[in-house]
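Note that the chains are named A, B, C, D, E and F in the order they appear, and that numbering of residues resets to 1 at the start of each chain.
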Amino acid sequence: MKKIRDLVVDEEFQGFVLIKNADVRVAKNGKTFLAFTFQDTSGSIDGKFWDASNEEIQRFEAGRVVHLTGKREVYQGNPQMKIYKLRLTNPEEPNDPQLFMERAPIKREAMEEELNQVLFEITNPHWNRIVRFLLNKYKQEFFEYPAAKKNHHAFVGGLAYHTTTMLHLGKSLVKEYPQLNASLLYAGIILHDLGKVIELSGALTTEYTTVGNLVGHLVLVDEEITQACLALNIEQNSEDIIVLRHMVLAHHGQLDYGSPVRPRIREAEVLHQIDNIDASMQMLTNAISKTEAGEYTERIFGLENRSFYVPRNVE
Amino acid sequence: MKKIRDLVVDEEFQGFVLIKNADVRVAKNGKTFLAFTFQDTSGSIDGKFWDASNEEIQRFEAGRVVHLTGKREVYQGNPQMKIYKLRLTNPEEPNDPQLFMERAPIKREAMEEELNQVLFEITNPHWNRIVRFLLNKYKQEFFEYPAAKKNHHAFVGGLAYHTTTMLHLGKSLVKEYPQLNASLLYAGIILHDLGKVIELSGALTTEYTTVGNLVGHLVLVDEEITQACLALNIEQNSEDIIVLRHMVLAHHGQLDYGSPVRPRIREAEVLHQIDNIDASMQMLTNAISKTEAGEYTERIFGLENRSFYVPRNVE
Amino acid sequence: MKKIRDLVVDEEFQGFVLIKNADVRVAKNGKTFLAFTFQDTSGSIDGKFWDASNEEIQRFEAGRVVHLTGKREVYQGNPQMKIYKLRLTNPEEPNDPQLFMERAPIKREAMEEELNQVLFEITNPHWNRIVRFLLNKYKQEFFEYPAAKKNHHAFVGGLAYHTTTMLHLGKSLVKEYPQLNASLLYAGIILHDLGKVIELSGALTTEYTTVGNLVGHLVLVDEEITQACLALNIEQNSEDIIVLRHMVLAHHGQLDYGSPVRPRIREAEVLHQIDNIDASMQMLTNAISKTEAGEYTERIFGLENRSFYVPRNVE
Amino acid sequence: MKKIRDLVVDEEFQGFVLIKNADVRVAKNGKTFLAFTFQDTSGSIDGKFWDASNEEIQRFEAGRVVHLTGKREVYQGNPQMKIYKLRLTNPEEPNDPQLFMERAPIKREAMEEELNQVLFEITNPHWNRIVRFLLNKYKQEFFEYPAAKKNHHAFVGGLAYHTTTMLHLGKSLVKEYPQLNASLLYAGIILHDLGKVIELSGALTTEYTTVGNLVGHLVLVDEEITQACLALNIEQNSEDIIVLRHMVLAHHGQLDYGSPVRPRIREAEVLHQIDNIDASMQMLTNAISKTEAGEYTERIFGLENRSFYVPRNVE
Amino acid sequence: MKKIRDLVVDEEFQGFVLIKNADVRVAKNGKTFLAFTFQDTSGSIDGKFWDASNEEIQRFEAGRVVHLTGKREVYQGNPQMKIYKLRLTNPEEPNDPQLFMERAPIKREAMEEELNQVLFEITNPHWNRIVRFLLNKYKQEFFEYPAAKKNHHAFVGGLAYHTTTMLHLGKSLVKEYPQLNASLLYAGIILHDLGKVIELSGALTTEYTTVGNLVGHLVLVDEEITQACLALNIEQNSEDIIVLRHMVLAHHGQLDYGSPVRPRIREAEVLHQIDNIDASMQMLTNAISKTEAGEYTERIFGLENRSFYVPRNVE
Amino acid sequence: MKKIRDLVVDEEFQGFVLIKNADVRVAKNGKTFLAFTFQDTSGSIDGKFWDASNEEIQRFEAGRVVHLTGKREVYQGNPQMKIYKLRLTNPEEPNDPQLFMERAPIKREAMEEELNQVLFEITNPHWNRIVRFLLNKYKQEFFEYPAAKKNHHAFVGGLAYHTTTMLHLGKSLVKEYPQLNASLLYAGIILHDLGKVIELSGALTTEYTTVGNLVGHLVLVDEEITQACLALNIEQNSEDIIVLRHMVLAHHGQLDYGSPVRPRIREAEVLHQIDNIDASMQMLTNAISKTEAGEYTERIFGLENRSFYVPRNVE
């Protein structure tokens, strides 16, 4: 059976989906409705459920698997599901949310294998031990969490996938610019977004945690590094630990984007630029996949609200 | 005998001073000179030593006490010392730098006493224990360090003095706005700049440390708080510890000024505003003290480069 | 009986309220409705009246007292009144708008008393006479007007209440920083927002006047001061009158916020900062009062659109 | 004899000039020198007087006419006078500063005549009376003052000349866009910079006055208008007086440039644009007159620091 | 019969109009509607067509002439047409879109005549030939196209009208400032927006073309100039061709507004300012024509979103 | 013999160097001096020649090879040559400037070879032909010119070297993100800075040309592409030519940096990011090469004036 993102306009759909979001809203006519985001492994699609009763609002919560009958339409340039019918699953039907979540295009095992290989290239023993210590501490979350609530890599395993891709880019740059400190760059890449596992609530219905909002993932990794030093008996104000902390704190590149310090060592600047490239590519690929050739994508918030043109078949 | 900042224009000076800074520069005519900042307890004054030999450059280092003969002049609107003669001190003459450093106008004992009183008003036991733990850990530095390299409170005990004054302002606000959480505000005030004792090198010839430049005092305190939690067996992601960390991380008020998060709890906003007021007052008072009535102060970097007018005798 | 802001979600309401605003809008379905803001002394609440006839639009004008039957709901995170029934009051029922307006938490008499005390501390005779002259001229409005159309202190007596609170803060600062010119600061505080009585239309249905929009309250006070000089035979270009005018013109702190000059005397900078603090505290207190612990307030326009977190019971 | 701005590079000069500015500075070698700006009716030129004694500093004050022997050179792309000899004038020699000041290229009588004609086109009686009243009050200064301390129209009669040229532009626009209120535009043009006669100290050695710095010429005209209303018994909050005040307050176009309100009536926007054009043209013409074809002018502060290219002989 | 922009509120209308835009939208109640913009020679007005069927959506396309029965209302401060009935025209009824389009207030012949006169004043032969060549190449479009999609001069002949008006302003400035190179200024004015004929799709349903979005009209004219040089055998890197290209590339005045270079010759700065004035005047006149005296216009996007006040009858 | 950039502090030097720049300046003491930049294949170093006579100024022009005796010193943190003696070369001594110019670290033949390989991967025939056509037209300059006047790649062959390195990065990205259009990306990389050969005057004493200043290298390449279309009989407004022009016009990424359009196709965004990375790496490597470990580099203009820390021996 077709997945929800594989449907063409006006194609009808009947099948199981996960409720990723279920916002209760009031229409201009004073009636309550549910603004759903449905999800299966192909991606997600919005749909509105009109005149929702209190009972229905409670029944169709985010995180539930449901059986949906509807039709794919277009609303303000975006795909939308017109809902004909919606019901909870029966006991014998599939109801594990895990089965319906969008996932990184690479398997966890492959990513884990790659990461393990890279660890051998982090030759500074302090950095190596800290990276291993923290990867081990948050192993479960690292391979499960998305890299963001929305925008880019917002799917199961997104954090590990983003990290893996950045390691590929990092290796290319190290090859082109051998003056780069490869150990430092790889350690920085692996740790830079690890704070997301504390900043976000998880992969299922991703929200910012309180500590995520009030402290933020940059400082959260930094704290983890200094505490790892305590645990591993490494002097936290030694030169190599200072530069490692700087790598993660500076990786947003600008104060305006939440880095408390701007990159002031070469590898920190490179880390920031690699992060930028992979985030841009993910957002672009995502937006372009929803757009016909010869048309413009929706405005992409993470790329200063630009909309991009998708050229017609130029080879 | 008169101190260096008490001299009027064209008044001659003879006495002992501390070399606070000694920059080696090359004049446009190709000759080397020393750009000194001399200091005694009244403040500091610049002076140029022309045609310095290599031997003189080594002899008159920053941190040395010297005997100076000269005359107070004005250079580009600022006081300047014309140097007639300069020599190192003899063994029997005063040569302890401590005797010549500018100090907070309140004695350490008085500040310590005040601080101890305030500790009793921090009724949340976690905050209380963390503040005591860190004050104890950095007690020596807290009462010795300046609050900045230059700009404001750049004198011995400046950090403690800045903190004490802010506590006074904090108490006034708590009285006016009883809805404020006084414990949290006082804990935040005491800790907010404590990272300066790691960011800066000390009171004598104040420089930024490497970790100061690459991590910064906001994150440095935050790390100290989380490590204090480990030492004191306090859960670091409990609500009260999160808001305490937020207080120190957000106190610069804007991302552009180096806070990784903007204030998002009421007391964090207040802490930022109190900090602003005391810094402004210190800079203004300092600049105005060097300016005649009816004239404009030099431009004040920390106040967006404004110069201020000093009104004539309006009561 | 409960006031409108004391109701909990889903609680029904029956009673008299004032129509503060009544905007005529057209729904997406082409029908006309009224977007009301109802008010009593506890505050205000929005409510929509669907399918309004022309007669109803004219009947339920802003400024009218009405009898409302409804239920408190939540709409997009804000309280909302679902309207069951709405009718004008009968002759024997309460219909004086004054009885339903939100008011400063301090009585006018108390504020007046305080202000009179402060006048004795303005020892410069020119400032003293000008302040008395203008307070006298606008006495009625000063104690009646709000300090703003919305945002902060938008209630009856808000202008006087804002001024009184700022005088408290001013006194604390004068005590902490005795180098401040207390007379000038107090005179500046009392006059700084007095132009609001010309800029705004009044307390009942507050709008900007034409002169408010095209000239603005900063310049309006300044004009009043120079005209008071004419009336009182004070030379308007004497030093003390210049600095007093500067106080009011500069109190927004930045050109971007509508001050034609930035603060360039010490007391003008302080006046700006005190104004900032009291406005922030009012907006924060207002927003937090509508928010549960553990939640975030709505975005606060006057605080750069931040939403604030309300910590759970941390003592 | 040649004037100072007519000299070519390396041409020698001998004659009388006015000392427009005489700044006392200290060279890097510790010696005092005088940085002069000399002036005659052709314009001004800088020159340095090395190793000035105290007596010489007092002798060669700004405002003095002197006899200068020297040579025109180039210093950092700008004309400069190398001083061979400098002496005060003898009693029988010319010593009236007025004879050496740069002046508007149009005679005062011609400008006065033009202005009088325009007054008849201001048909609104309030505006007409106010303009006449204020022109009469400041008649002497209006035709004598420059329009700025430096930048543009910084010469005797510059204010009247700037005003006259703007009236020409205003008339062209009224002809092209007959929907404009000509009375209002002309009244606004005449008054817009009149506050300069209070903001600046005069034509000879132009400085900002205290009230100029702390209040500024926009508000100063506005005050004059409201006081003229008192004198002429015109209601100052009538619609026509409000828009006239708005014209002068808004003419800098942006809050950032010191207008307390942005233009919000059509004629205010036009006034701002005309002001811009004439100021730009004056700055450009001035800078280009000092630059060879095929070269770039010095950077022009008032045009966002751009330097302009002067095309070679393209017709 | 009355035109659509001549109707007063609540006046009924029956007649032929052009569908300028027809956006398909979905209402909050899930039903599809058409958001029309109707047009006749008096201007345009919006109107909503509720519950549109697929057949109706296809029938009432942009570019069609229709017979409309309805009533002029007001929606959110703007005029709106309530649609009673809508049908296609019968064969014998008017159906040429050209008859219903808004047009420049000056006839094409008059503009053409004026332009021809100006061509004689472009005395530099290169500029003269290039301007003639390009005007000839795009003659049809130049007199047909609007000067923008919306904002200003968005009507048939808008480009030529904008150009003609700017030539008037240019001549006034040349008269006032004879140092300007009139040939260059006139050539620049005529060419500056000519790229619009490639950037936009035409006068009927104006859209940006792909090359308009991805290259933009400034560079498009520049390309045309260099290709005209090839055709006319003029050296494209001669001084006069360089400055002509600079004129068109710099005419937006700031990099932020899409000029790849800022104006760096005098005439380029003037061209930018004239362009500004005419665009502002068009937008203001347009907005004010829809606003009652004593009221504020809608916010004008092209004037930094300001709304303007329309003064009551001040003469 | 040692090259000038291989000298340590205080090491004496005797040998042949090229005068890269020779600015005539006036010292504060009124005397003329020459501010030289000397160059050999190791890089460049500044040096001041005091009290230069007119004859010496003419003798020691930029572009001359000279024999220099001097000593390497440090001036304001940068290397400087103290000049003992300077003379022109004798006929039998080396005097070809080419021998002394800094060059790309890769030989021209190698870069040419690489480029030729890449041409085969540009499979779109239009792009392929245009790239070949323009490379052929500017072959000599492409391999000779620097990529900038200063900042990055300011050496012989810098343009080709910058292009080659970017092609490496481009290939890595194409491998990682196969959805990218490789042909378009490679064509864009090769052409993006080709306009520099018109914008700059050459490799020896690099200056901006007039057309460089007034048109700029982005538009200059764009013009070349459209003219190549004419020569090759390719329709310039076909989709593939439009996107190619967009690639070069948008590659500065932001309007503020001189792109008339922001990147709006995926490959244009990638081109901009690759350009950024290589420019950053070149500037960083250059600055770090002049800095000791444990110290900070000079401020780097092209990296928002940041100075970077060079970590001590962390592996």
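Definition applied: contacts are C-beta pairs under 8 Å (C-beta built on N, C-alpha and C of every residue); 3 or more make two chains touch, one makes a residue touch a chain.
Computed from a prediction, not measured in an experiment: that's the story for all the values here.
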| item | value |
| --- | --- |
| Chains touching both subunit D and subunit E, listed by label | C, F |
| Copies subunit A and subunit F touch via same or different residues, half shared test | same |
| Equivalent interface to D-E, taken from A-F, A-C or A-B so that over half of the residue contact pairs match | A-F |
| Length of the line joining the C-alpha centres of subunit B and subunit E, rounded to whole Å | 60 |
| Whole-Å separation of chain centres (CA-atom averages), subunit B against subunit C | 39 |
| Inter-chain centre distance, subunit D versus subunit F - centres from mean C-alpha coordinates, in Å | 44 |
| Shared-contact residues (touching 2 or more other chains) in subunit B | 28-29, 210, 213-214, 239, 243, 264-265, 309 |
| Contact pairs between chains, per stated definition | A-B, A-C, A-E, A-F, B-C, B-D, B-F, C-D, C-E, D-E, D-F, E-F |
| Parts of subunit C lying in touch with subunit B, wherever the complex brings them together | 123-124, 165, 168-169, 172-173, 176-177, 179, 181, 183-184, 239-240, 243, 262-266, 269-270, 273, 276-277, 280-281, 284-285, 288, 296, 303-304, 306-312, 314-315 |
| Of subunit B, residues touching subunit A in the complex | 198, 210-211, 213-216, 218-219, 222-223, 226-227, 230, 236-237, 239, 242-243, 245-246, 249, 255-261, 264-265 |
| Contacting residues of subunit B [partner subunit F, same complex] | 25-26, 28-30, 210, 213-214 |
| Residue ranges of subunit B touching subunit D (in the complex, touch as defined) | 27-29, 48, 50, 75-76, 82, 309 |
